Every structure is written in C-alpha cells, then in structure tokens.
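Here chain A shows up in two complexes: once beside chain B, once beside chain C.
For the complex of A and B:
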C-alpha cells in the first residue's frame, strides 16, 4: 500500500479512536440503563422539593367540603387546581389550634370573576371539550361579557360566587 | 390598562382570526431559514464540481477546484445557524454520541459527518495532496508547516501516486454525488415529513429541496467565479461560464416545474387546508413568494437564460447578465427557504387564522446574526483560496512528465 494511503487510514483510525474515547468519557454513566435516557434523571427529580399535597390530605380536615364537592360538577376537580399547592398547609396547619394561620400557610381563595373565567370563559379552542363528557361532567362555557349580574346600587359586576357555590356550582 | 391586558392586546394585534396560543410567536426564525439555504449551497456547489469530474465536462475545469472549496467552506458553517438557534452550543455534540434512529436530526448528524469527512474533505485532500507537497517545498515558515501537516507529512509525488490519487478522487466523487443528494434530500425530508403541517407535508419536498439546492449552488459558484476573476484581474473563461449557465438553465427548468407541480397538486387536491394556504400565499407571503422567489428568483433568470441560449450578446454584457442572474437566483432561493420555513408557521393549524412575523436587527435571531453566518463561509473560502489556490495547481504538469 502506498505511503500516503497508510497515513490517511491511520489518521482516520486515530480520529475514530478519539471519537470512541470521547464517547466513553462524555456519555453519562447511567445513560441507557432504563432506556434511551439518563437513568439518574429520575432520582435527581425525586429529590426535588414537593409542593402539592394531593386531595386526600385536604379531605382529612375539610371533609364536609369534600362531601359537598363530591355531589357537584366539580367533583373531578382536585382542590389544589383552584387553591394552589398546599403541602406546607397540610403539614403545619394543625399546629395552629386557634385557626389563625400565618400568611405563608394560607391558601388562595379564587373568588374573582376572572378566576372562574380561566376555565369557563367561552373559547374557540375549547369548544370540543364542551361536547366531550367524562364521567358525565363537562366544562360549561359562558361568555363572561354577557353572563353577569350587576349590583343594583353600585352597578358593579357581581362575583360569580354570589350565585354559584364553587364547591357545588 | 392592566398589565396583563396590555400584553394580551399587544399579542392579539399580531394575530388575525383564531390561532392556538403556541402559534402566536414563531419558534423557527431566520436562522432556521439559513440552515437549509447553506446546506443547499453546499450540495449544489459539489454537484457542479462533480459534473467536471464524473461527466468529463472538462470545459468546467476552471470552476472545479473553486466549487469544491466553496462547498467545503459552506459545509463547515452549515450547522452553525442551528447551533446558535438552539443556544446551547456546549450540548451540540450530544446528538452525535447518543443518536437514536427515531430522530431525523440525529441521523442527519451522521449524514452530515459522512459528507463532510468522507466526501468533501477526502476529495479535496486527494485533489491537493500532490500540490501541497510541491507548495511545501516552495514556501517557508508557517505556511510550509501547514502544507506539510495537511498532506500528513507524505512526500510521494511520483506519477504512480498521483494517478492513484486521481483514481481514488474519482471514486469519492462517484460516492459523493448520491451523498450530496442524500444530504439535501434529507433536509427536505425533515420538513416534508411533518405531517401536521400541510404547507410542508409533501413527498415532493426532498426533491424540490434538492433541485433548488443545485440551482443555488451553481449560481453561487458562478457568482464567486466572476467576483474572484475581477479581484484577480484576469479574464473570465466565457466558454466555462456559458456551460455553467446552460446547466443552470436546465436545472432551473426542472426546479420550476417541480415546484409548479407541487402547487398544482395542492390546488387540484384542495384539501381542507387549501383555503388557509390560499389566503396565506396571496396575503402574508405574497411579496416573498410571488415577487422575490417567483419573479426575481425564477421567472426573470429563466427567461434571460433561455434567451441567452439562442442569442449571445458581447462577452462583457453577458458577464454582467450572468452576474445579475446568479445574484437574483441566490436571493430567490433564499426566499424559497424563507417561504417554506416562515410560511409554514404563519398560519394556524386550526386553519382559522394567521399570526405575523417581524424580525429584529440585533439579538440571537436577528438580521445581524444571520449576516454573520452568511459572511463566515466567505471568510473561510478566502482563507482556503489563499492556502489552496486552484489556479496554482501543478498536478497536471506532473502527469505530463
């Protein structure tokens, strides 16, 4: 074989070996253990701080609301969807026997019209959901500009919860 | 006005009709337009070089080396728009070390590497090896070292070795032509295989991309060849330029026909997406599609090249016409990529509305960033032409001896 071909083949062989070495060094150790991804990513995610408690934990104290909600259209809806993450609340709320919780443990009460409208405002992208029924529930959609009640004295828009009980709308 | 309403107002002023929330902002901007554009230039320039080598069109000899070096310098930059678009350059290698067959882009990494390392680099190496050894003996200092290193410290310039180089170079070119087709066919495939987007999803997409790539690559070499000879103050080889123009004309006809066929097919089928696409091309894409791509990029060059096949004006005028045509085609093909990439994102996949796109001057996705990735290959080419000037090649003399 001519000299220059030998050199060229050696050059490419060196490149290939370098690539394989680099590959060994660069691929994370846990890559491919469970699939085409880094298996350590799971354990790294597991140690991340939790924020949500889950509805079961809410029910332990607020069982009356749970019973109420279970009879209405919102029964599929988990508490923290509207009230926000509540892990700290469930962990520490019972330490305050008098019921006066510090601000950091208070959960959000969505009482404004715009908060109900997040799900119930008529939206062309959501029309399909209107006709889908899951366990006989569906998202009722209204036009918030038309579906409203004004205060007779102040002429201000009344809040939705004036007529609708959010736990049993 | 409340801040969130103000934001909503600004966002909605960009939108006509109904669009899904994730369609308001375009995720793929000018850098993604550049990526198929630059790969197309590479494939086209290489195919022009292969015309000389495989199909023995020796009249194209003056542009052979230039076309190869052009393809190489653009190839080195081809992935840069993607890497700068993604914004995580330090992760760019990951696509190569853990590829997966279900990822079109990961496989493309290997198509790219094959084309760069095995086709372009090797072909240039075999083509210049003998010259680099001769030049190393004629130069001093760093340049001499560079030639020695690039020729891998080989010294054999016997006619037998040179003949072997030529033979291997020929084989690489034969492998290179389908590789170039594969490279750019693949870029078309990446768009054509997105079935959710009716503007992209057509099996003709790889073929259209391929032929438009050839058109733009040939136009680029023509453009550079005319400028280079102007700078070097030597006369252009008109026979060569006329032949390039002839092939440009043929391929432009095929390209035009294929794109026309695609549109006719779309119009005849008139699927549910037709209405929204019809309004798109006569609305937001009118200027870039009909004026820039259609009129300036295709019709004017096509008619002019057709006339030049029968009527040949004086050399000086012909040269200027070729230069203008090459420029127009380069702009036209850029807008073809623009219309595909940007056009495909301007309409809602609900088929009920449109968003709009405005590009900034500065920023990671602005005009300046795009200009950088267009200028860099020319700088690389300038360096390569300084290092490996095709007009100083002495290989032919050795064969004579």
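For the complex of A and C:
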C-alpha cells in the first residue's frame, strides 16, 4: 500500500474514533432508549404540581352540601367546576380544625351573574342539547338582559343566588 | 534519568492509550444504536394507548375546560396561549361559516348573530389530538418532541431549541411558544395527574361529561364504549395524522 494512502486511512480512523467518543460524551444516556428522544423526559414531565383535587375529597368535610346537590339538577357537576381548583384547600384543611382557613386557602364563591351566565346564558348553540343523565331535559337558558330582578331602592341588578340556590337550583 | 520519570515506554503508552480509546469507541457504538423507532404505527404491546372522545352534542360551551387547563398547567393568562380551548361554529342560512373563540371561551360566549339568520350553531372543544403519526414530532430537528409508548405527545423542554418548526407543522394549532421559557409548550394530557391515577384536568372539570378519556387497548374502557356507541370522526382525516381525538357529531365544516 502506498504511504500516502496509509496516512489517509489512519487519519480517517482517528476522526471516526473522535466522533464516536464525542457521541458517547455528548448524547444523554437515556436518548434512544424508547425512540429518537430522551426517555428521561417522560418522567421529568410527570413531576409537576397538581391543582385539582377531585370532588371525592370535598365530600369528606362538606357532605351535607354533597347530599343537597345530589338531589338537584346540578348533581353531575363536580365541586371544582364552579369553585375552582382546591387541592391546597383540601390538603391544609386538617391543620385548621376550628374551620377558619386563611383567605389564601379559601375557595372561590361564584356569586356574580356573569359566572352563572357562563353556562346558562341563552345561545343558539345551546338550544338542542339533551342530557342522557337527567331525564333528557334541556339546559336551562336565560337571557341575562331580560331575566333579572332589580333592587327596589337602588335599582341595581340582583344576583342570581337571591332566588336560586346553586346547590339545588 | 528516563527510568526515574516513568517506567512506561513509548510503545506501552500508545498501546494503553489505544485500548482505552478503542474501548470507549466500541462501547459507544454498541449503546447508542439500539434505538427503537415506532413513530409510524402504534406499539403492539399490552400497555396503555390513550385516546380521547369529545361529544359535541353535549358541549355547552362554558369554557371551564380551557380555564381548568390554564390553572392546572400554569399556562399564561394572555388570550393567545392555549393548550385547550373552545370554538363556536355558526353556519348561517346563506351558507357562510363564522368561527368565534373569544379568549378561548373562558369568559363565555355571546351570540353575535341573530337567531333568524342561523342555520345551525355548535361548540367544538379543541386540544392536542395526540396523533399516532404526528407531523409535529417528525419535523423536530433535535428530538425534543416525541410520542411516548402510551401514545402521549410530549415536549422535552430541556432539549427544545425553540425553532418553532413543530408549531407550524401541527395542523390543529395545538402548540405555542411559552413566553417565559422560550420553548414550545403543549397539552401533556396532564401526565402528572395520570401518574397519580387522576383524570386530566379538563376531563375532571367538564360539567356535562362531554369529554371522555381512556385506554384504547382496554376493550372495557369508557373511550371504547363511547366509540362503539357513537358515529365518531377526527378532524382533518385526509391528513392521515393518526389522530386519537374522536368527536361525536362532528360537522364537515370544522377545520
């Protein structure tokens, strides 16, 4: 074999070895275990803070409201639909036995008209909806501009909960 | 003097060096080429293979799912970052289509077209389709987005370089660049909740149970019951993305 070919081959061999070493050092260990990605990224994605507790945790303390709600048209609604995420509320509830939680742990009370209107405002897309669960009734829709009660003195709009109990509407 | 410095001869030095370097080279050649590639079809194992069902007939457009998703996953509040959102489609009597999604439906929908002009109107909740042949994972130049063996499309934020290829590749518009990290963010099917045995936040919160979620490999699961009992369709079937988000009563107008 000519001298210059030998040099060339050994040069390329060194390059290949350097490339393989770089590959070994630079590519993370879990890359390629499951596919063209870092398999560790799956478990890294799983480590995050939860916010929603699930209504089973609510009924542990608020069982009377749960029983009340179960008899009404809102029975299939979970508590956190209206009251917002409550995992912190449920986690720290035991530490305040007297029932006086600090404001930061209290959950949202949806008492404004617009919060009821999120579901019950009249809309053409809501008219044909039938539920399997509640004897095929339609969702109650109101025109929030017309269906309202004014305060006799101040002439302000009254809140929906003045007449309707949200846990048993 | 030479011997006091070191007992190694030049020949031994090169010999040992070659053994070490060659060992690493061989080890790297063995370990890194064992990749399993299953991007083109679902794995045939017995593991979970998640699918999603959404019943358009049941959706009342309350936007609670979009709100719950933002709260659970710390998605920015601005009205243009969504992992999950709701659109209202209105088809008028003259055949024109109007699509609205004010703040993703979180603040509710106001009917913008009078009743007389409407032929039909319905809500379409949207989220990542968790495609089995997802276009977004195929374009990633650095392997930062991928399908897990359970059929969930995820982003590796440590590897993402923020090139936005995948944002453009997704035919359903389900990805965005997170303004704080500069990396791509998307629906993870609340994989942190799945691990704890809980439902994803939007499924947990839906007041009418319009959203169904489960294991497609499990014949007894809720999602399979839903698929058997409804005429289901995916969005943009002609793209052959292998979408696993099945809609009941999906109109052809939905894009």
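Couple of notes before you dig in:
Just so we're on the same page, the second predicted complex is superposed on the first by the 115 of 169 C-alpha atoms of A that agree within 3 Å, B and C clash if a C-alpha of one lies under 4 Å from a C-alpha of the other, contacts with A are read in each partner's own complex, and residues count from 1 in each chain.
By our rule, a residue touches a chain if its C-beta (ideal position, glycine included) is under 8 Å from a C-beta of that chain, and two chains touch if they have at least 3 such contacts.
All figures in this text were calculated on a predicted structure; none of them were measured in a lab.
Of the two partner chains placed around the shared chain by superposition, chain C is the only one that A:51 touches, whereas chain B remains out of contact. Applying the stated contact rule after C-alpha superposition, one finds that A:26 touches chain B and leaves chain C untouched. Legend: residue contacts after superposition of the two complexes on their common chain; A:113 is shown touching neither chain B nor chain C.
In the superposition on chain A, A:147 makes contact with neither chain B nor chain C.
By the touch criterion defined above, A:42 lies against chain C but remains apart from chain B after alignment on the C-alpha atoms of chain A. In the superposition on chain A, the chain among chain B and chain C reaching more residues of chain A is C. Of the two partner chains, neither chain B nor chain C is touched by A:164.
Shared-chain residue A:4: touches chain B; no touch with chain C.
In the superposition on chain A, A:121 makes contact with chain C only, while chain B stays out of contact range.
The residues of chain A shared by its contacts with chain B and with chain C are 23, 27, 31, 36, 124-125. Chain C contributes residues 21-22, 24-25, 27-29, 31-39, 57-58, 60-64, 68, 71-73, 88-90, 107-111, 113, 115, 118, 121-123, 143-149, 154-156, 158-159, 188, 191-193, 195-196, 198-199, 201, 204-205, 207-209 to its touches with chain A in the complex.
Chain contact summary for the complex, chain B toward chain A: residues 18, 20-21, 93-94, 97-98, 100, 117, 122, 125, 129, 151-156, 160-161, 164-165, 350, 352. By the touch rule above, chain A contacts chain C in their complex via residues 16-17, 20-21, 23-24, 27, 31-38, 41-42, 44-52, 54, 76-78, 80-81, 84-85, 114, 117-119, 121-126, 128-131, 133, 139. Chain A makes touch with chain B in their complex at residues 2-5, 7-8, 11, 15, 22-23, 26-27, 31, 36, 124-125.
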